[in-house]
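Across the two complexes that follow, chain A remains constant while its partner is chain B and subsequently chain C.
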Partner chain A sequence: AVRPIKAAPPGLTSSVFSDPTVSKFVNMMMEDGDKVLARSIITQTFESMKRKQVEKYHKAPATEKEGIECNPYTIFHQALENCKPIIGLISIQKGGKYYQVPTPLTDSRRRFLAMKWLITECRDNKHRRTHMYEKLSQELLAAFMNEGNVIKRKHDMHKMAEANRAFAHYRWW
Partner chain B sequence: MATKGSGLQAKVSRMLSKDFGKPILKPNKPLALRNEVANRKLRQGEASCLTEMSVMMACWKQSEFNHAACTQEVQAFQRCTALAQAERKARMGQESSGQGGRLHPKQANTLLKRHPNLYREI
Partner chain C sequence: MALTRLNRIVQLSHTVSLTRPLHGSGCGLQLGAATQTEAPMESPRAVFRTSESEPASHGEQHIGQFYTIPPSQVKTIFPHGLPYRFQQQIKTFNEACLMVRKPALELIGYLKKADPTHPSVRYVLYGERGTGKSLSLCQALHHCSLQDWLILHVPDAHLWVKNCKELMASSYHRARFDQPIEASVWLKNFRVTNERFLKQIKTSQKYVWSKREFTDEGRPLGEIVDQGVTRVKNASDAVGVVLKELKAQARPGSYRLVVGVDGVNALWGRTTLRKEDRSLIDPSELTLVHNLRKMMKNDWCGGAVIATVTQTGSVFTPSSAYLPQELLGKEGFDFLDPFLPVLVPAYSEKEFESSYQYYRDRRWIQHHTGHTEEGKKELLFLSNRNPAALERLCAFL
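So, the complex of A and B:
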């Protein structure tokens, strides 16, 4: 008998330009199922990042020219890596009170947190009249340089985990 | 075997009856085996990778959260978490298959549901 075959998801392509992390980011940014809008925002983000980096490249003296990264995909991946937290906090109830316990995170959870922080930070904490692609490109370039609010949030998480390290024994896994 | 069972029933009914002074037993639940087994989880809780975590946090405190300076400890921590995760997965798979010669409480419950003890005439 013929077994039924699962249909391929619409976001999956076999082209050389498809990137699973970028697709995941697009899906997370999507609202009301408008993938076209989310995807266009991402492409505009990459374009603006490339423009900024190329401008910097042309203005830089010859010695620094090699240090400037122009490929927006590598910048995106590196910025995401810089935003990923290493340790997370989990709310555990013990003796009637809830404690924030530091715990290791899985890779998927870390990637999700990094992307979520990026998106919420761009949506909330920026000037009202700037476009999303503009805000995203600023944030991604800052994260690439290890500056900016998302990196600060990651550091805050680590500091909280470090402060609560006494409660690490409340974990049972 | 049948004679042994009847002797026990006689004793129990004697202990329950009020004909011989105060009854010795006053059970609030029926004196019969239930068609279920209690669920016991024998895994003790222990937090994994605590030493690695504390080493990493000490390194962070020293270098004031400069992540570039602590790559060794971070990698060790991540290796430890990966190992712990794999171990946990293996343990979960192994637990559901065999509990050291005994039956898992869930499996026992399914069997008892299929072939229950009859203590009532239906």
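So, the complex of A and C:
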């Protein structure tokens, strides 16, 4: 019998410039299925990040030029790495009460949490009249330098896990 | 397969490109330059840059090369003239570099050979969206400015026929409408470009602005411009006066005048503005448009009129229209007839190569695959050699 062939997902390209992490980020930003809008916001973010960095590069003296990172993709990946939590909290019920138990996270869960925090931070905690791409570019550049609210949230998560060390035995897997 | 669904770029690259036949002589050199690595920087640099910063001295051999405009000249000649994306590019790269291309070179050649005693020739730049009409116009105006002509640059005539916040009835003519904000902004920028001439040219008659304000005969034109800028209510009339004076006094003996209008099809199209009884306004009922139309006539000598017809920014025109006949309409075409049309095509192979090398040199193409042959072929395919499409693609790569 003939095996049925799976249809190609709409976000898959044969382009050399495609990046699976960026595609996942675009899908997470998407609302009401408007991938065009989400993708355009991401491209504008990369453009504005690149503009800021390239401007700094061209104005810097020759000694500092090597230190300035201009590639928006490396900045994005590095910022995402910096935002990924190492240890997470899980709600476990024991004896009628719910405890926040520290637990290791899988790679995909860590990536998901980092992206989710970035997007919610930009949506909620910024001035309402700035564009999304501006907010995202500021947040990504800050995360690249290990500053900013998302990094703070990651550190808060780590501190909570450290504080609840005693409950680690409630996890049975 | 769904390629990047960026609608604007797809629109730009799907238009039929009318590129000129490829000249194979330069290609061999370019192929060598493309496969060279980043380490020997000097030889690729010589291919796409030229040290000639005067458009008058550019020739056939400079086609495809970039020349730099010094920042002081950018501030005086183009306070409002350059397209927005190019201004951003100047800010990012810390330099203003324009590519020498065939249409601009042709135009500058005609300007050099034109006889000042004959009536002014009208040149119309046309082409598809994003092929470089506005920048070719800016290049020609740069050349004229360096030759010490008087520059009258309207950066986008479409801005005068749409989205006007304050529309007031003209005090001078009962049926016409004034646009104080647009007029005063334009006068400020005009003053920046032509400081020198404003002190030399004198008015030929007395102008009365209101019961207590008037400008005498024989006063420098700078006073009219100041009057327009300070008294915003009379700004449109001040623009009209300035245009009238410049046209009347542009004789072969005195200064040479060049009128550069981007989007001249706005003057004969339709407007989106409405009167108070919600009926549409015709462009001829706007003071600014009415006065500018008088400038576009060829009944004066000692200068030139360079215009661009563009669909970008125009209202009520289909996006596939790019020929002058379609965009100007019957009225506009008859008014401008006879004119010299100049087609601005998309990049040739050599120009595309040169543009790609320039972006790489200024660290604009950052993606690691953008530096490979595969990436370059993909950029060529996606942009269809359209300058604006290439610029927007490289912006996020």
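The rule is simple: the second predicted complex is superposed on the first by the 173 of 173 C-alpha atoms of A that agree within 3 Å, B and C clash if a C-alpha of one lies under 4 Å from a C-alpha of the other, contacts with A are read in each partner's own complex, and residues count from 1 in each chain.
Keep in mind that, in the parts below, contacts are C-beta pairs under 8 Å (C-beta built on N, C-alpha and C of every residue); 3 or more make two chains touch, one makes a residue touch a chain.
Every value quoted in this text rests on a predicted model; they were computed, and no experiment measured them.
Visitor: On chain A, do chain B and chain C fit together or clash when superposed?
Guide: Fit.
Visitor: Tell me the contact category for A:His158 with respect to chain B and chain C: first, second, both or neither.
Guide: first
Visitor: Looking at the overlay, what does A:Tyr133 touch: chain B (first), chain C (second), both, or neither?
Guide: A:Tyr133 sits against neither chain B nor chain C.
Visitor: If you stack the two complexes on chain A, which partner ends up touching A:Val36: first (chain B), second (chain C), both, or neither?
Guide: second
Visitor: Under the stated touch criterion, which partner chain does A:Val16 make contact with: chain B (first), chain C (second), both, or neither?
Guide: second
Visitor: For A:Trp117, select first, second, both or neither according to whether it touches chain B, chain C, the two together, or no partner.
Guide: It touches nothing on chain B or chain C.
Visitor: Examine A:Phe46 and indicate which partner it touches, taking first as chain B and second as chain C; both and neither are also allowed.
Guide: second
Visitor: If you stack the two complexes on chain A, which partner ends up touching A:Val54: first (chain B), second (chain C), both, or neither?
Guide: second
Visitor: Write the angle, vertex at the C-alpha centre of chain A, between the C-alpha centres of chain B and chain C, to the nearest 10 degrees.
Guide: The C-alpha centres give an angle of about 150 degrees at chain A.
Visitor: For A:Cys70, decide between first (touching chain B), second (touching chain C), both and neither.
Guide: Touch status of A:Cys70: second partner only.
Visitor: Upon superposition of the two complexes, what minimum C-alpha distance (Å) separates chain B from chain C?
Guide: 27
Visitor: Quick check on the complex: what are the chain B residues that touch chain A?
Guide: 45-50, 53-54, 56-57, 60-61, 65, 74, 77-78, 81, 84-85, 88
Visitor: Report the residues of chain C in contact with chain A in the complex, numbered from low to high.
Guide: Interface residues on chain C, with respect to chain A: 1-7, 88, 91-94, 362-364, 366-370, 372, 374-375, 378, 395-397.
Visitor: Chain B touches which residues of chain A in the complex?
Guide: Per the stated touch rule, the residues are 86-87, 102, 104, 106, 155, 158-159, 161-162, 165, 168-173.
Visitor: Please give the residue numbers of chain A that touch chain C in the complex, ascending.
Guide: Interface residues on the chain A side: 8, 10-17, 35-36, 39-40, 42-44, 46-47, 50-51, 54-55, 57-59, 70-73.
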